[in-house]
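Next come the structures, one after another.
In what comes next, chain A is part of two complexes: it sits with chain B in the first one and with chain C in the second one.
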Partner chain A sequence: MARIDGTSAFLARGLRTLALAVIVLFFLFPILWIVLMSFQTNEQILRIPPSLLFDPTIVNYRALISGKLVTAAGQLDLPFMRNLGNSVLLSSVSVLLSLVLGVPAAYAFARFRFRLGENIAFTLLSFRFAPPLLVLLPLSLYFQDLGLANTYTGLVWVYQLICLPLILWIVRGYFEDASPDIEYAYRVDGHSWWRAFTRIAIPLAGPGIAAAGLLAFIFAWNNFVFALILASADKQPVTVGALAFVTASGIQYGQIAAAIVLSILPTLALALYAQRWLVEGLSLGAVKG
Partner chain B sequence: MSDIAHPATSAARVHAAGPRAARLLPYLLSLPALLVCIGILVPFGTAAWYSLQRYNLAMPFMRGFVGFDTYLDFLGDPDFWNTVEVSAIYTAATVILELLLGLAIALLLRERSPLNNAISVALLLPLMTAPAIAALMWKLMTNPGFGVLSWLVSRFGLADFKWASDPHTAMLTVVLVDIWVYTPFIMILLLAGLRSLPTQPFEAARLDGVPARFVFFRITLPMLMPYIVTATLFRLLDSIQQFDIVYAMTQGGPGDSLMVFQVRAYLEFFQYTNVGRSAALMMILWALTYALSNVFVKQWLRLRERTHGAY
Partner chain C sequence: MSLLLDRLSKTYPGRDGHPVRAVLGLDLHVEDGEIVALLGSSGCGKTSTLRMIAGFESVTAGTITLAGRRIDGQPPDRRGVAMAFEGYALYPPLTIAENIGFGLVRDKRGLSREAAAQRVREMAEMLEIAPLLARRPGGLSGGQQQRASLARALARDAALYLLDEPMGQLEPQLRAVLRGRVKAALKSRGCTALLVTHDQTEANAMADRIAVMEGGVLQQYGPPAVLRERPANLFVATFLGEPPMNALAAKVQPEGLSLADAAGQCIPLPGVKLPPDGVNVVLGVRPHHLHLGEGPLSGTVISNQWLGDQAHVVIELREKIIVAVSHTRVKLRAGERIAFGFRPAHAHIFDGQTGRALAHGPQPA
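Right, the complex of A and B next:
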């Protein structure tokens, strides 16, 4: 790198810019295209060549929100808003339960050395990597017997497999990063461990807990296979619901695109908000951004 | 796994003085989480048991213990070897391409500048899209009637390019979707790694006029290796189990061209109601991922210790 003359430096800069432009185009174009499609009528979508210039329309979104879709064969009732509601319900309740279960456990693993402690922690981690169908297929038979088939309770329970490992290992990292000395001083003052936990440890790890919760929400929202196997149409989240859109015949393409946009908008917005913590979350707390 | 450096040593003293009840405390705190998950683990044992049975939901009277027969049958079963081959190709193609592309992008974005930071955040959006939904997006874009990509390749002379509906290009299509979704994962981990590297070796190399290629292969790459290995293992474990993208795109078709492990097991179960075969397939996949995840955990712990340190 010692000597690069002007022209080749200029060439390198140009190539770098070009490469970045191609990369940004590849990764953002699909989202942009689907968003544009969702504001088009079927006639506009079917135009060849495709055009970026069109009169935007909101009929697709209106049809989705009213639940009455226009198809080639007439009107079809498809309660997509219900799928959206299911996604919100399943993801938020799952994350709340995971926080209640996971934060105390994370604290235990961070602050105490106890027999089997690490084994328990790693068992919980291993759920992140087991093939989901291994458990889901027998579970679909069990849920019939237990009366949990196609219930929110059953789904929220299974969703712990996604949320709990994430919350446990991220929050554990935050507890470990906070020095125990403050808690120690507080305990020496005669306070119980419970007060030390709720008044000192949790507030100190607060940002980490919030971040872990947001990430777990995104992953729960994006899950597909759990509800595909364990829920029928009225309990299914958007990921499974959107698939029904594509397979149902004759639905207008703009309505499919609008359903996709509504399905990914919440997680994309949360991701942009939580981007500072994404590296940590994606690596289960092993790497900091 | 118990021999790792544990940061609780000094903290343990905080609570050591407590009465006996205090010793039970960590168990009380962590058991609810474990119990909730163990309830889900019971099916794992069941799956292992099912895999040793002849068990078809449509023929309950035929049910019986057959030992390892189902597994042995796989050896001479071309469908099984097709699944192995398809899964291997999918995993190898996605992991290798994503690693190379992710590393290249991370290197391009290495300098901290407002533009680079904005790009790295923007590239997270595909990663935060549900993979099943991502497959639907690409399905729309590759639709033969109006898909923008179909139109694009027809401009390059490929008028009859059928993407996922042609057995010859189906793999290419789903690999493309996987690359679109998951390359940012590798990128973001390696970028965090690159930016956390100490600057002195690079400054010294610059002052000495060491050629860029030498710096990359002898300094950057070795120092980045723990991040590369962790990111690769993460992707390897996910990719070998890929279900969402393949199922949402073609449900394993056309023909058998995309019958990866989990899709095959899903169809064995729900289409052919063959619980025994489905369970045996999942046990084989589990054995593979279990072996891989042991390697993974070692690497992951090493990185984790570096990040959180010991005190």
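Right, the complex of A and C next:
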């Protein structure tokens, strides 16, 4: 019996490993393929049959970084690096603003009962329900009247629709999980409300804040329609800027791939950095009980 | 420092629109250096009272005065109170030593680093947690965390110490030891303390005076002996004491009390100041004051349990269940008839409607 059990356990483990490998391959292969494409010229990419073996070239990256795209139809100016800068600027400023506004609000919703509290919280969440395209036309008209169209301020403001509800609702849950008595204990030790909030409540909700911030950053980074309508070329993030690779002389697959690789990097770096906090959060959660 | 609660009330907005009255017009005066226990079952308003004094709950009506200063409008950090939490509320990232010493070294008002470390060590030794000082709260048992929380409160120099069920998680033996030590420490430093507990042994052992609460209302406030000997009403009489006091419905007659629970049998109570004839009352007698084998009453034995140092004999008196305690073994089997009685000196008489105490025998304890 024991031997049969051992064999079936071994088999089960083998099958699970195989299944995981298939899943990983399925999800990561496109990314791997993009990375490979970014080191090939358009001709190499488009040859039939495709091949995994090629002479790597950095011509795509050089074109992106120098901002000069040489095509059969001539030389094009490519504001990719500026787009990347815009993405970093818009996403990080939006997330920072959302954290500044959303974390105290989440704390208030978690700790205090006040009139219409639940309604306000739900209204903020409901911003996520509205289809962006429905909101965009009136929004772009208002923005033109207010002089906010094609400004960083206007875009950061609109990005709050993406970031603020996310941060508010995730962080609220973390505040609710932490016992208010720990803050009270700090209060009776002679500390002000503000110090209890910054020294006790925020660190205890730290992992939640990190997770919510990271998620909000990714959502803001990936946004396309808001910036497409509300910003012109010099304010556009990479998601919109990538449209420039569809040129009169064809689609520049190599540059698109290189652009994707470059535009993944900041989010990836942030995720790796935030991982520290997320893992710390898990172990802190074990302590709480 | 002395604490004065004047008509303190707390009403919570209920979920279904009905406001919940947690505390109703509570008057309480705690003298400087006194230890007072707020005793009651869960939901009686004792913890709400404590949290209002600490400043975690707003006051619906009434005032709180500590050391001659109104504090009910002050934030918790300006009230000068120290608190031990029922849920411990230790800071997870700090060690036990850092937790205890947390409120000590602070700005210019606090102790020096050496004095604070010394104080932390003393508290830890008193509460038997010295070996845990370098550990973090996460790995500790409930009882250990509770003692750390208590140590953190006692280490402070505060005008008032609020202790919310400070020993609920401890083993009985350790609890008995620490009760004495904590009381001695509070007394030697002249501390004023308010202890919230549902454990009457703890209240009796530690408190100079006990305030019994029920339904948000203060039932009686006095030294443990007075509560035991002269309970102000039927609630206090039956709440204190284990097993609880026996209560029998009765009517005052010219020759004594006629017991409704014993088919109108009349028992004389010489020496007890009975209310006027015809008044419906409740007769209360503590289980250890009932004498088995002799007396005017009789009933059927339901059970007889020897608990190692005392016997609990449960007797059915018509519809009514009576408990008697005997300190010697008694040979009684279920179903046997037994006569029993009590000395008039041990009787308590309560109003039949309100439960208010009307008379006590001359030797009520």
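Definition applied: the second predicted complex is superposed on the first by the 232 of 289 C-alpha atoms of A that agree within 3 Å, B and C clash if a C-alpha of one lies under 4 Å from a C-alpha of the other, contacts with A are read in each partner's own complex, and residues count from 1 in each chain.
Operating definition for what follows: a contact is a pair of C-beta atoms (placed from the backbone, for glycine too) under 8 Å apart; a residue touches a chain by one contact, two chains touch by 3 or more.
Not measured: the values here are computed from a predicted model.
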Touching A:Ala130, do we find chain B (first), chain C (second), both, or neither? first
Identify the partner contact of A:Ser91: answer first if only chain B is touched, second if only chain C is, both if each is, neither if none is. neither
Of chain B and chain C, which one contacts the greater number of residues in chain A? B
If you stack the two complexes on chain A, which partner ends up touching A:Ile200: first (chain B), second (chain C), both, or neither? second
Could you look at A:Ile182 and tell me whether it touches chain B, chain C, both or neither (first, second, both, neither)? second
Mind working out whether A:Ile264 is in touch with chain B, chain C, both or neither, as first, second, both or neither? first
Examine A:Gly190 and indicate which partner it touches, taking first as chain B and second as chain C; both and neither are also allowed. second
Which chain A residues lie in the overlap of the chain B contact set and the chain C contact set? 113, 179-180, 184, 187, 193, 284, 286-288
Give every residue of chain B touching chain A within the complex, in rising order. 1-2, 4, 6-12, 14-15, 18, 22-23, 25-27, 29-30, 32-34, 36-37, 39-44, 46-47, 50, 104-105, 108-109, 119, 121-134, 136-141, 143, 145-146, 148, 151, 180, 183-185, 188-189, 192-193, 196, 206, 209-212, 215, 227, 230, 234, 237, 241, 243-244, 247-248, 261-262, 265-266, 269, 275, 278-279, 282-283, 285-286, 289, 292-293, 296-297, 300-301, 303-304, 307-308, 311
Mind pulling up the chain C residues that touch chain A in the complex? 13, 54-56, 75-77, 79, 81-83, 85, 87-93, 102-103, 106, 136-138, 149, 152, 156
Okay, in this complex, where on chain A does chain C touch? 113, 179-182, 184-193, 200, 203-204, 284, 286-288
Along chain A, where are the residues that touch chain B in the complex? 1-2, 16, 19-20, 23-24, 26-28, 30-31, 33-34, 37, 45-50, 101-102, 104-105, 107-114, 117-127, 129-139, 141-142, 157-158, 160-161, 164, 168, 173, 176-177, 179-180, 183-184, 187, 193, 218, 221-225, 228-229, 238-240, 242-243, 245-246, 253, 256-257, 260, 263-264, 267-268, 270-272, 275, 278-279, 282-289
